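You will see chain A twice below: alongside chain B first, and alongside chain C after that.
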Partner chain A sequence: MKTIFKSLLALTIVSTILSSCGNGGDKGKQGALSGSAAEKVYVAPGEHDEFYAFVSGGFSGQLAVYGLPSGRLFKVIPVFSVDAEKAYGFNEETKPMLNTSHGFIPWDDSHHPDISQTAGELDGRWVFINGNNTPRIAKIDLTTFETTEIIEIPNSAGNHSSSFVTENTEYVVAGTRFSVPYPQRDMPIKEYKGNFKGALTFISVDPKDGTMDIKFQIMMPGFNYDLSHPGRGKSHGWFFFTTYNTEEANSLLEVNASQNDKDFIAAINWKKIEEYVNNGGGTKAPTNYAHNVYSDETHSATSTMKKEILIVNPSDVPGAIYFLPTPKSPHGCDVDPTGEYIIGNGKLAAELTAHSFTKMLAAIEGKKFDGEAYGIPILKYEDILGGVVKQPGLGPLHTEFDGKGYAYTTFFISSEVVKWKLGTWEVIDRKPTYYSVGHLMIPGGNSRKPFGKYVLAMNKITKDRYIPTGPEVTQSAQLYDITGEKMELLLDFPTIGEPHYAAGIPAELIKERSKKIYKLEENKHKYVVKTEAESKVVRTGNEVHIYMTMIRSHFSPDNIEGVQVGDKVYFHVTNLEQDYDVPHGIAMIGAQTSELLIMPGQTETFVWEPKQVGVWPFYCTDFCSALHQEMQGYVRVSPKGSNVPVTYTLDGDAIGAE
Partner chain B sequence: MKLKVFVLAGMVALVASCGSDGKKDDKSAQPQEEVKEAVEVDPMKDKGIGPVKSITLGEIDQAMADQGHELFKAKCSACHKEDKRFVGPALAGVTERRTPEWIMNMILNPEVMVAENPIAKQLLAEYLSPMANQSLTEQEARFVLEYFRTLKVAE
Partner chain C sequence: MKKINLTFALLAVSALFIVSCNGGEKKQTSETTATEVVKTGLGQSAVKDTVSAANVLQVAQSLDDFKTLVVAVKAAGVEDALVNTGPLTVFAPVNAAFDKLPAGTVEDLLKPENKSKLAMILKNHVAPANYPDTQLSKEAKKGRKLYMASGNYLVVEEKEDGIYVGGTKILKTVQVSNGWIHVIDNLLLPTE
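Right after this comes the complex of A and B.
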């Protein structure tokens, strides 16, 4: 007995020492903790990060690619805004990507990236992201990390409750934030109620090549639709959208849209509506929206205007749509990995509401309704309630899940991330953010299989966190280790634009498929030349087409004569390299456009309209070899009507002579 | 007091010795390599570095050479001409100057060749532009080699 007691005592002492070490780490902000935090985010030179983080640029309109845990920025993928560095929206090939029913739009507000899924798990094929301002959904191909498709969303405005995917990427959704008159027309604003509609758009995604197509649009009551998430597992087949402004106010919304004690989460049985539509349901209506597709074979985008859309009126599909009362203007609408709980982050509420999917089905089955809104049944709050997290913080915004039974919610007003337990609804831990956190991200957090190692919190305000840069300072992201019971702040790094929302994925699911070059033999660009011998200059009227090649480190041709003031000169430039990481650039003096940055095997085009007589140089802009500084050429520009013939040479020889 | 000084001196010595150790290693490594470079190499015996270890050549296969010519035009001609020094060396007669294995390894594995093979290193020093890897397959490189065999040196 004594021995047992002794050994127990010894054990207790040892464990006390051990746990005190752990606790010491949590308590202290400096010293030993900073050391271990630094180690956890240190990715040694030449080593790779464990995760990709795709962080939207908010008002930058782009999508940034960071590594986690290091926080290193690898690429800014141009999506909705022109980018002179990559010639996106400047070269002839990508201009059609930014076409809309309003014409060429050079900017947007990019918000919610979401990675494609198969069977409820991340498959790493594409990232989808929404443009808020002129409603669009873009698709980024994760073999090339380029935007390859943009579809405009008609009858929509402030495309905000977007662009989230269903379990098998059957659909990506786009919900309108602002309701607008449907159909759009000249009418008094004060006649909002009943005349304005909120369109929820379901865009089908081709399982093979990812081509997007608007399958149907549900014309909902004129509320504001804020965020959404898909059901999964047992709730697969449903989609949930938060609403606010169920008051249908059209002015001073900060007061007038905060009147109702509860707004709604709209629960949409999309499988039921899909079946209805497949059986001929819905109304075909005239419309006008752009569908822009970029091809890796032609290295060019095309823009097609679509003229018809299928509209679904909710009251025509009974049993497909219900309203779940949810306290106070809910923002985030998040579904846990099992698909049972739907979390409404009521941003003006004191509590966090979790609806139960099972109870929701039972209430629907029992027809326990609490009235209706525009023909859509409203369920009773008490009947569907799964649980409430009491007094978790101020201003809940967004919840993600670690796959181990815990949820993490951001609180904008109290600037913190709060960890709580699903089922018991108890708060486990809270950690401050610096400052005013918006969304947060756990890799795979919006799927059946989260990778619960880190959470990334994205902050709107940084004030004193970095050395100042004038009135405008960077926004930031903060990385927390969530492998222990308590969260640990590891890293704080600046971001591009507004880091509004993010999606993360293990690097191993993507990096092996990352494309290294474009094969020259597969290049089907209209103006490609695949050998130097074929490079040429062709005049048609006042258009001059230069079919140019580039390889380390010269252009062919590099001496061109016979161009005249007033000509429209097209440089169609093909990079003949077939090796990894050997792009070339080209820029022409006085060209009212950006440089081109051309990947191996790719063709791009810029236009130059020379305005002055002379001999004008062009050069390679991307440091390509030891002889990069020698990579240059000249174009002779003669007066309009000059009789200088078109000639083009390399090393004094006419091109074509082998 | 004395003890403290002694400890400090000891530490300085330790740090200093670490630093100089590292430098010594670097210095002793470099001259050795330079000596190696100076060693004479018979280009008709050097097989180069890369996937191709041994090639047996028969009669010239014209069909293979034709395919090689097409590949050459598409992937190589921007930098190499037959009879003229261009970005890289002229190629007429190359099969009389280099082993077939060296030629194929230079096509297939240029990054390592220009870094480690004495002949390729010398060429890089002369031409400055490193041989580009145009991602040919081994079969394609073999066709290009066959095409090279048809090129005669201009008299």
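Right after this comes the complex of A and C.
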């Protein structure tokens, strides 16, 4: 009897626990409260988001990492702009990353992140992003979440139709928005027509380590190349670029570049051009551009100036390039997951155009051309048209896909996201955005395999959406649930800079590979010291090199004498920690640079040029430990020519002394 | 001892239920043993990390010599403190040190009602500081005492056969990710 009572009691307890879980241990948010938007975006303390969203910072020049559905910001990865917080562009190791043919450029305008793919699906190895202003493409390593490579794009300006990858990341592609004289020269602007060229650059990506190298550059007519996307599946091997200003205007473009009823999507058979180039085609031309590479072993970047580029003239490769007429200055150029439809988002057009890849091939086969432009055949609009979405909204910009047969297009002027069906071209749903949406993003939404659970709309105008912060207000992203027939607005969240575009990926594809520490034994920095006993100070002329270590909770050495006014003092600082999430920082009074923020096992360097005699402190800037406030030191600065010898100590003893 | 095992088993079972509430996909096997730290929903000692160098708790758990110490640490509920960024210097008594106590003392200390008393004893073995053996020699030479997490001060002496802390000899020193472990074979009981 007693036993039975006991088991009954146990059963009661178990069932109580079970029922308190909601659906038998399933996530509560999918239970009875699933109607609540708050429930859908709530990620409980300690739980992880389902997706990473890499949201470009636009005019901030950086790339921000958010979690979806929560909209929480996890990291701002410095890419094209200096970042004092992380010493990017301030320490000696990363300054070369921002080198260009124009010298050190501390800022850019980052636009279109795109995650590397294998067989048309996101592989989560790298994310690429373009710098618009001083044309560059950067690569971010998704194990360290650091920018590890930047390549400058010569003969280009306003590097906008970039940085999209082909189906196996064979190439990352960069198209010029502004055509420029080729070669660059001193010439009258009004002689634009015929003299200015638009370069489309194909950068090969090493399948093993991701190293970028410009394979060839196609010198196209002087239009504006706006956006692009690769073919996929059946259209793999092709790349599509929207153009505007086929009028080749050079002033008041808002009027003069809106004259033609149709501009073009340029369809490029890159496989054909690759074959041509591999067989010795193209012309080697002199150039000058920077290729900057950061090494996780030396924890340092190098910048190399490249002096030669391979130019391909379109008329030399017949059958490789065609123009697809597309209404009214098309902006976004998006290819559906099957690779059949190429969507031209004519930003001034009253309808949305879907070209059919199959029909395009048939028209090429049948040589049904409607004339040519600069030797490039123009196909007939009616021959290649797959379908038209009629009266979908005002000012279409971009389209992404959910992988279930639906497309989602943003409309800037009517501030909305519109869901429509591929094939039937009917509008299914429309939801307002707040306000004036630009890009939108579905994780994997421009690949063969979209993860069609959420769409993120990135708005250009915020106005009254948040508590105000003076004339400048944050820009805003909005998250919609797209699992049902109708979209549901779940969340607004603020972003850094301009959330120009984003790339999303399931967290599980990346997070297990995320690096925790750098192995100290693998550190090949020129000025590394791997034990406290090796830390030292070396004077060479007026340069003083401090080989310093840091560990909880002190620097070694922490008392340094013999430095003089006018010296150039290099602090080469190694974090000896081998423990996850124990960075140390260092800052020196009067140093005309930023702090250093040094990850475990890493070495970084800053330069200090003391200008005043005295004893000056330095300290740890990252709250590292219980004794963080004790982590400090002093440098004695003597007048120039002083006979105070160089000494360096810890706890009153010379370093290395037992 | 039997009672203690039972407590751990119950803890493990309830932890399983908590886990299954947190996220359906993170299914834990029922193999969870008393010595294994349940990985989800707990403090910092539950962080999964096979890359970083081992911390105080991980090193102690990996060595049979510290079996009693580890049981005591868990009974006192101080395991999260031992994985903290610290820095920590731990004077770690081997099993034999506990055996030197009068019969029944350890069992008594492990009782839930003696949790704070046990924690106080353990805290007397931890200095919130970075003291490698070389630094301890210096402390001895300069006559500086060690301030322990219990609030007590311990004397460091350097004798011919080695370094002594609180009157007991340091047998071995191990660097860990969040500080140092110095092995001893006597308990450092707090004076009050």
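Methods note: the second predicted complex is superposed on the first by the 622 of 658 C-alpha atoms of A that agree within 3 Å, B and C clash if a C-alpha of one lies under 4 Å from a C-alpha of the other, contacts with A are read in each partner's own complex, and residues count from 1 in each chain.
One rule holds in what follows: contacts are C-beta pairs under 8 Å (C-beta built on N, C-alpha and C of every residue); 3 or more make two chains touch, one makes a residue touch a chain.
Every value quoted in this text rests on a predicted model; they were computed, and no experiment measured them.
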Touched partner set for A:517, first chain B, second chain C, both or neither: both
Partner chain(s) touched by A:47 [first = chain B, second = chain C, both, neither]: second
Contacts of A:556 with chain B and chain C, given as first, second, both or neither: first
Partner chain in contact with A:132 - chain B first, chain C second, else both or neither: neither
Touched partner set for A:576, first chain B, second chain C, both or neither: first
Chain B versus chain C as contact partner of A:593, first or second or both or neither: neither
Which superposed partner A:531 touches (first chain B, second chain C, both, neither): first
Partner chain(s) touched by A:625 [first = chain B, second = chain C, both, neither]: both
Intersection of chain A interface sets (partners chain B, chain C): 517, 551-554, 577-579, 582, 625-627, 651, 658
In the complex, chain B residues that touch chain A: 73-75, 77-79, 81-82, 86-87, 128-130, 132-135
Chain A contact footprint on chain C (complex, rising order): 17, 20-24, 41, 47, 49, 51-53, 55, 84-87, 128-130, 134-135, 137-138, 177-179
In the complex with chain C, residue positions of chain A that touch it: 17, 20-21, 25-27, 44, 46-47, 516-517, 551-554, 577-580, 582, 600, 624-627, 651, 653, 658
Chain B-touching residues of chain A, taken from the complex the two chains share: 517, 520-521, 530-533, 549, 551-554, 556, 576-579, 582, 625-627, 651, 658
